[in-house]
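Next come two complexes built around subunit A: one with subunit B, the other with subunit C.
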Partner chain A sequence: MRTWMLNDNFIEKNILSFLGMFSNLRKENIDRTFMSSINPAVKFVSTLLVILSVSLSKSIYYVAIVSGFLLVSALSLDKRSLKKVAIIIAIAFLFASFIMIPSLFILKVSNAVVMILKITVSVLCVNILIYSTPTNQMTKSLKALFLPDILILIIETALKHIVIVGDMSVNMMYALKKRTIGARKKKEHALWGILGVLFIKSTIMSDNMHDAMRCRGFNGDYKSLPSLKLGEADLVYILFVLIIIFTGMVL
Partner chain B sequence: MPLEFFSQCGTDDFMHIPDNYLSPSTCAVLGAFMLPVWRWGTRKIKKEFSTKNVSLIGVFASFSFLLMMFNLPLPGGTTGHAVGATLIAVLIGPSAACLSLSVALLIQALFFGDGGLISFGVNAFNMAFIMPFAGYFIYVFLKSFYSSERWDRISLFLSAYISLNIGALLAAVEFGIQPILFKSLSGVPVYSPYPLSIAVPAMMVPHLLIAGFVEAVVTVGVYNFIKKTSPRLIRDISGIKLKPVYAMMTAMIILSPIGLLASGTAWGEWSNSEIQKLVGYIPSGMSNGLNYNSFLSGYTVPFIMSDTLGYMLSAAAGVMVIFVIFKVLERAFNAHMDA
Partner chain C sequence: MKELISINGLCYNYDDICALNNITLKVVEGDALAVIGPNGSGKSTLLKIINGIMFANKGAYVYKGKNINERYMSDNSSSRAFHRSIGFVFQNPDVQLFCSSVYEEVAFGPTQMGLEDREVKTTTENYLKLLGVEHLAQRVPYYLSDGEKKKVAIASILAVEPEVLVLDEPMSGLDPKTKTFIKELVVKLNRAGKTIICATHDFEYVKGMFNRAVVLSEQKTIVYDGAYERVIEDEPFMRANNLK
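Let's turn to the complex of A and B:
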């Protein structure tokens, strides 16, 4: 029997990745910092514009200026989030290097260094947004992109069910881990069972939710109202982002 | 750290294209293609009794998301993920699967930074549109040949395998066209620098050898479990019309002369001199070995002067050959089952 069939590391790995996912999704209250105090819709649109301007720029100096701005922004995150963002950036940097460095030797003429920087900067930009915005506010900020309300409702429904269905799957994986004694052939077959049960439970939950919506007289009209009030911090942030984008146009 | 990092890279991680690997214009074009698809989907939700679809798509977006998170053990101690596009399309229908997968991908990009924000349209096109629709219709097409439990599983396995590889091929082509389309004044590629000759094999080899099988095994495994434990949840596809598939095939045959616009030979169809140019030398086995001339060499039919017509006839002949092969397989399979 091959060794990979014997170890149950994948169950442990699944549990860990699910628990990590919960901690990301269950952040409703974030420590008050400069970045978290900025209106989520402003942050969301700014993130898109900064990534776009980095993507369009061909100047390494501009990418360096943006990374400086983002590093300062990242420093205003709380300590725990900062640590997580640092790990993600290190992984993104390694991954981009793994993909791009060979191009230096294969193609002789390459933009590997600029590409690695650009990719790392865009990952940093998105992660500052993610770690400074509570989950419920993030969905509302999508309204800034003129997303239909019904889609925002679907996204919110999906987020809530990810936590519920994810909880179920973690419990099933714990049960699988506790009840597995000794070596077992084709252990991954238990995963089909878990995923199959999740599908069946999802179908039941979808029907129950539909019934509940009908009972409450829901007719499909849903209004998502993001906060459009802008404070001093928002104005300062918008000013910096505008300077950054303008610099991108000049360089 | 690096070893741990690479062992944790899932097999579908390369399909979640992050920002800046592709040009914003590529992302905009494919995003613009997805806009009417989403618009049509949300209109359909509003038009039909909305709460049913809201709950269905919302809940199955969470299922799709979790399915993409499940790690599966692979030989060598690594783990891989499945996308599950064909599975979800077969279970809840391709349109609902398209919207559910789009929402799942948006959540991955927006809350987990998995796949870029600007490149979201590209990822949605590859994984939420092409994959579920391709997987679903290939499954319906294959299943129409023979109705047995075993053929059902084989059809599902093949459709999941093929649809994942179609998605991967699209991603590879999107990477590969970057250095052709986007270069600086000095000729240096601005985005992904690898041409098609590198991007396609780099993407396709792991997907053809590993990720495709992971996707197919997960799809068949979960489908079998649901079919055994809760058969009423399996959608009846016997009444599905294949006309759109045949229409698509016809369109592809008609559009095949577009290949004439491409310069150079198709990937993998290199002559010895081209191989020498690409690799630097001709492998000895190839220089003295088998010299294979295809049935319709150069995709032109000898007695037809027009290249365009020749291309179309070659494509039609190719489809016919595949059709005949499936018919022969079907007969052999029937004979085997009867015996």
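Let's turn to the complex of A and C:
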């Protein structure tokens, strides 16, 4: 293995950035806004439909209408989320523009612009969903796609284990760092040790979790609670989304 | 008093390592039994066998007249009835909490037991209130503090309304206030008629919680079965068994 790969800072940085990717999983509380008050299942299905209709549309006017609708939706997010979404959208726009540069010489400029807008709108749509929905409700919304309850439970437990095992790995890295005095020649031994211990610990944890589930009557068939009910805000949102999709079919 | 649990000459081995050796134990209805022993004496293994998670290599375990073995537990209805009757609070609440919200966690047991939606809702709300965690209902369980996790784990087991409550070191890693809360709750549950079996090391906080104690030695056998207060006050015996 290359020596730079065994550098403590490199490993630590990678573990932390990997966990950073999953930091959104820790998002439990979301400020009460119009978007956060909408049923997650409604938002999830609407997001998929809007992305699909934007992808299928060839009209620049339609993409512009959807952009307007999504920008208004984004404005109802809390300030912190809005700032993060704005940064992501700017990056998506710049990246899409960059990759579309060659097409400017081959295709018509308007086609390239539609493509850039489509990419930006899709990214915006997904980010509105992410920043207005807590993770635990997001997994529940998969039920709207008629995914079996047991599959949703598997996804939820997988997310839980990523968080717990991730925390464990960071703590083990810190413990290793604290006990390391001077230069270590065989750094890979410690790294393999951590990976091995993490594997064993996660196996034991999953076995114990299965035992805990059995103790509460689980025998392979999982019955989840009934999904959330629709409110007035949901109906208003559904109406707007239907208008948007219908417009896409007309234009 | 009705006999609930009867264990006779029970042995358990992890591959070649003996975890329990010739255990004989009887638990009657309303007992508040402390399972005491040094680390590695087999307390957790014994509790897992009592809960039908593991099965003895030798000897018999009878619960309410039914022989609890792999064959009995492989039948879904028998297994469900058994688990409804006996609840187990694990030492590490992280393994016990797997749902996406505290509410669902507490509702998991009653839902799996086939209760009506309205009954599930009432039961869940009652037990969230009993444990004082109703304000955490929409939180993700694995981001709670250790004390909160333990309370949610206990609520999720009580929601199944078991006759016997088995707790594996319920005080470990908790602050004094939570320890006192759990102790008072267990005492109340026992007075309300629930049978308690609890592995513990925390003698300071469990005073007045048990009427009986079973001491496991490093040789994985029972070396004492009698009044809790008497064994706690027997300093030479406690020292000889690495308990003080």
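Note that in this section the second predicted complex is superposed on the first by the 187 of 251 C-alpha atoms of A that agree within 3 Å, B and C clash if a C-alpha of one lies under 4 Å from a C-alpha of the other, contacts with A are read in each partner's own complex, and residues count from 1 in each chain.
The rule is simple: a contact is a pair of C-beta atoms (placed from the backbone, for glycine too) under 8 Å apart; a residue touches a chain by one contact, two chains touch by 3 or more.
Please read these numbers as outputs of a predicted model, since none were measured by experiment.
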First (subunit B), second (subunit C), both or neither touched by A:140: second
Touched partner set for A:196, first subunit B, second subunit C, both or neither: first
Subunit B versus subunit C as contact partner of A:157, first or second or both or neither: both
Touched partner set for A:47, first subunit B, second subunit C, both or neither: first
Contacts of A:112 with subunit B and subunit C, given as first, second, both or neither: first
Touched subunit A residues, subunit B compared with subunit C: B
Partner chain(s) touched by A:209 [first = subunit B, second = subunit C, both, neither]: both
Which superposed partner A:217 touches (first subunit B, second subunit C, both, neither): second
Which superposed partner A:17 touches (first subunit B, second subunit C, both, neither): first
Subunit B versus subunit C as contact partner of A:180, first or second or both or neither: neither
Subunit B and subunit C contact sites that coincide on subunit A, given as residue numbers: 135, 153, 156-157, 160, 164, 205, 209, 213-214, 218-219
Subunit C - residues contacting subunit A, complex: 48, 51, 53, 76, 79-80, 83-84, 87-88, 90, 92, 94-96, 98-101, 104, 107-109, 111-113, 117, 120, 139-140, 142-143, 156-157, 160
Touching residues (chain side subunit A, partner subunit C) in the complex: 26, 28, 134-137, 139-140, 153, 156-157, 160, 163-164, 205, 208-209, 211-219, 222-226
Contact set on subunit A toward subunit B in their complex: 2-5, 7, 9-10, 13-14, 17-18, 21, 24-25, 47-48, 51-52, 54-56, 58, 88, 90-92, 94-95, 98, 100, 103, 106-107, 109-112, 115, 118-119, 121-123, 126-127, 130, 135, 138, 142, 148, 150-151, 153-162, 164-166, 169, 187-189, 191-196, 198-200, 202-203, 205-207, 209-210, 213-214, 218-220
Subunit B to subunit A touching residues, read off their complex: 1-2, 5-6, 9, 18-21, 23-24, 38, 42, 45-46, 50-52, 54-63, 65-67, 69-77, 79, 91, 99, 103-104, 106-107, 109-113, 116-118, 184, 187-194, 198, 218, 221-222, 224-226, 229-230, 233
